[in-house]
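Naming follows writing order (A, B and C), and every chain is counted from residue 1.
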Amino acid sequence: MAENNKWTMIVDLDKCTGCNACVVACHAENNVPIANEEEVIKGRGLHWIRIERYWEGEYPDIKARFLPVFCQQCGNAPCEPVCPTYASYHSDEEGLNGQIYARCVGTRYCGNNCPYKVRFFNWRAPEFDEPLNQQLNPDVPVRGAGVMEKCTFCIQRIQRVRQTPEGDYGPMTRDGDLQTACTQACPSDALIFGNLNDPESRVSRMLPNDRQARLLEHLGTEPAVYYLKGGTTNVGE
Amino acid sequence: MLESSADRTPYWQEPLPEDDELAQQVAHARDEHLLVDARPPAETNSLMFRAMTRTGPLFWLMVLGLGGLTFALFATWVIQMFYGLGITGLNRSVMWGPYIVNLVFFIGIGHAGTFISAALRLMRMDFRRPIARLAETVTLFGLALAALFPLIHLGRVWKVYYMFPIPTQRELWPNFRSPLLWDATAITAYLIGSTLFMYTALIPDLATARDHLTGWRKRLYGALSLGFRGTESEWSRLETLSNILSYIIIPVMFSVHTIVSWDFAMAIQPGWHSTIFGPFFIVGALFSGVAAVIIVMIIVRKAMRMGYFLREEHFNAMGIFLLILSLTWVYFYFNEYIVTWYGNLPAERAILQMLTTDASPLFYLMLFCNIIVPLGTLWSRRVRTSLPAMLVIAVFVQIGMYLERVLIVSGFLSRNELPFNWINYTPNWPEILITIGTFGFMALLYILWTRVVPIIPLWEVHEGQSRQRLPRIGRAIVPTRTEPH
Amino acid sequence: MAQEVLLGLFDNLEATTAVLRDLERQNIPDRNIEVMSNVPYAPKVLGRRPTRQWPFLPFVLAGVLGGLAIALFIVVITPRLYPIIVGGQPLTPFPPSAIIVFEFVALGAMAGGFIGFLLQNRYPVLVRQMYDPRISEGYIGVAVRADDQAADSVADIFAAHNAHDVVREDAARYPVQSRRFLAFWAGLAVVGLLALLAPLLLTYNIIDIPWFNQMRESPSIGFQEGPRRAAPAESIPIQGPVLINGQPATEPLPASEESLQRGQLLYEVNCAICHGMQGNADGSMTKYFPEAPVLTTDRVSGMADQEIFMIITLGRNRMPSLAENLTVNETWDVVNYVRALREAGQ
């Protein structure tokens, strides 16, 4: 009997140190191409998870705020209906906002319509010089030029535990079955990943939380990512 | 009533009144108005066909130059396909740039054509007669080139058939809930509709061309005119069909640019998500479209010596049209601006700030071109009837309307909800080359078209002339029109 | 009696209407008279009976229905052929469907009207027609089809009204336009349909145009696409089982419960297909590999751990190497499980 998952990520901003370990782990796990310096200057930095750094105050009384932003896996995603080819669609089984690279023709409408700007376009064909291609994850396709991509909550890891050989969806996933690459890499346990449909999971027990907020919640996108932030705790103090 | 003496002679041989003063007034009216200045059709026909068949060295030089620009367009496109869109200046926030601006712009100039010929036809506005086909041609090529841009813009244009509703091996049909496909559907409907509309009105002129030209042209026009002879039933069917097409194509025309605006308005991008975008874009489209038709009218009149057909009265009428559209555009732009400004939402505030800081040269130039230039000059009849002045004003309007689209597309996109993603956009060489190349391609198609198709609808002019009379009211000669329906 | 066709050219409307009036008095049927002009004159102007009123309606309606059918197919049927949820919208939401229906209905109406125009006029005319190029110079032509006797009186009428020119010819030279134009359009429709079907050759990959940028040619190396490159000499860490003098470089894992659980999982995936779930060599592949040994025998239990490790890693006889499938630790887990099989069997 297939049961639906509702994948949820909690980002504890009070714990995030802005170390970027999650970014590196994501690059390795998901074959995310590396944008070179010139591309980054043009505003084409490509990280499925990025640590937005905001400065508050004036030097020397200055505070850094870190905000890890990645695909919010909206329950009501603006990027989905605008895609003419169904490359962006909604998976009820996993509660995820899916992206099928092979269907994408590169209209980039989803990127415009994403208020979080977490959809990335392959402006050029990605280059993995020998022997770097040896480290590519064979579970994840390498996206060619002209294709949109984004954080998938490591869908390949989810599929490995979820899908039966017949292609059906197995029972609901529980904590410990899998982790995403970024949660695995987070040294300060600021990223917590789990299934909100499982009442025993860590995310279910943590939510609702006094410190919780969702990014741009007023847009009604129903994000699956919750940010925790206390009123007085600030990184950099 | 007595029989009109005019009917005993052909309509182009109406006798002058015997009274000197009245005769002078008639002569004056003939100078002013094309439709009372009837000449034998043989003469006007050959005026048209001589211009059509004349291809001097200057013409071929133009073809060569514009062909070069066209080559630049396609060569750049091929290079872009090969190296990816990375060679453009687009970035993660500004994912849509000049390609979409060009799409909007070329669809925009394609709007005046149908409006002039279909709407003015139904309203029986006589000044449309010599202009109709010039304007329809702008529509036809404007739309065809606009349809090129979604393709140029695509990341993987070789997979474009994923967006067509045709069966494929993938057993997946496109998602018609996407505004892009509403857009594609509307453009297709409009393009096919305007082609049929144009062809319908062309048939009698193609028949005339068949009768008066020789060689390959005779065979071509013989085939294209389908055997039209101008019998009563043919004319009456042509009339009915033109009316049917006019009535249908006007709402289609409105839907096309509304849907183009919905490509933006459906997105929750700050600045785009506005309910006024539909009518706002339509007015903008008509505004730039009428300006485009004015430019074409001036060039055709000059290059093809069409002074007989395209007279001051036509420029005057188009100038008034442009003036009204400019006022309407100002009204919509102010609406758009004040709602955003008063709402004062953080992201939209950032956009308005961007307009007056980072993008201020473009913003103020746009306001100058779209408001100050037309509103400051077009109220004067002397300006409206002066060709150089009209050319300059129309070019200013084009620049202004192009900038307006630049600001809406790549300007607004550069500001969004999360300030971390604010990136300004500067075009790189491919966008510039492709844009210039497209203007060249448009001009190339246009000048070649003027050499294969009578660019002035001869029969419509003749029809108007056969129905216009110069009766005397009191001491004055007043042109009137008779509509035998 | 031979039929004749006469064409009179007149340079003004007054003469034309007079001729038409006289022809009517001569009892020439209306359908045998055609008036040709370079500008449209309404029948009322010529003093003739008006033409039939609503001939376009059926064509336009057919176009509307055709457009509606296409639109409904697109917005109602295609989303259900492979239902995909996007943005919480229903499969056929009203506003986008209304747009698609409007556009296709409008397109259908325009195309239907145009086709109606072509068919009613019997375009393209593929036969010789009575015509004179001077008509497009402003002359009004009156063409009359009549038999010999009537033709003479028609010619008289033309002359009486100062016809600019009269052409008189045998009607046999001007056959009535037959249904050949229908054959023309049918042929064109077939060609057009074929042209529409041609892209299917591409979309069904019957013609596969090689393209330099295909995502299916991935730079990554799949599980089955060995062998992997050897690691450079000084590189650390070492990946995979490294064999020194034919012996594994690592120590066996203790046969803990976890190790046995993992071992069971891996055994069932990689080994059981031949060696059987309980190690009894009754896996489904044994009909092709009958020599697969039973793993619970004394011979196997007498082997050293390292030897079993080497067999799994390198393969033996017809057993393939599993080095690509199992990491070092996973191999030790399997070794532990293989040992546990005998105990479980007893």
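Going forward, a contact is a pair of C-beta atoms (placed from the backbone, for glycine too) under 8 Å apart; a residue touches a chain by one contact, two chains touch by 3 or more.
Worth saying up front: this structure is predicted, and the values here are computed from it rather than measured.
The pair with more inter-chain C-beta contacts, choosing from A-B and B-C, is B-C. Using mean Cα coordinates as chain centres, the one most removed from chain C is A. Distance between chain A and chain C, defined via averaged C-alpha coordinates, is recorded as 35 Å. Centre-to-centre spacing of chain A and chain B amounts to 46 Å, using the average Cα coordinate of each chain.
Averaging Cα coordinates per chain places chain B and chain C 32 Å apart. Touching two or more other chains at once are residues 78, 81, 83, 86, 125, 144-147 of chain A.
Counting partners per residue, chain C has 84, 86-87, 89, 213 as the residues that reach two or more other chains. Among all residues of chain B, those that touch two or more other chains are 156, 172, 174-175, 177, 179.
Listing the residues of chain C that touch chain A in their complex gives 84-89, 213-215, 218-223, 228-229. Put simply, chain A touches chain B in their complex at residues 39, 42-46, 50, 52-54, 67, 69, 78, 81-86, 103-109, 111-113, 115-117, 120-125, 144-148, 216, 219.
Residues 31, 75-78, 80-81, 83, 86, 88-90, 92, 101-102, 125-126, 128, 131, 133-134, 136-138, 140-147 of chain A are the ones touching chain C in the complex.
Those residues of chain B that touch chain C in the shared complex are 3, 7-12, 40-42, 45, 82, 156, 158, 161, 164-169, 171-177, 179, 182, 185-186, 188-189, 192-193, 196-197, 200, 204, 207-208, 211-212, 223, 226-241, 244-245, 248-249, 251-252, 255, 259, 459, 462-463, 466, 484-485. On chain C, the positions that touch chain B within their shared complex are 11-15, 34-46, 48, 51, 55-56, 60, 74-75, 78-79, 81-82, 84, 86-87, 89, 93, 96-97, 99-100, 102-104, 106-107, 109-111, 113-114, 116-118, 120-121, 123-126, 129, 131, 133, 135-138, 199-200, 202-205, 209, 211-213.
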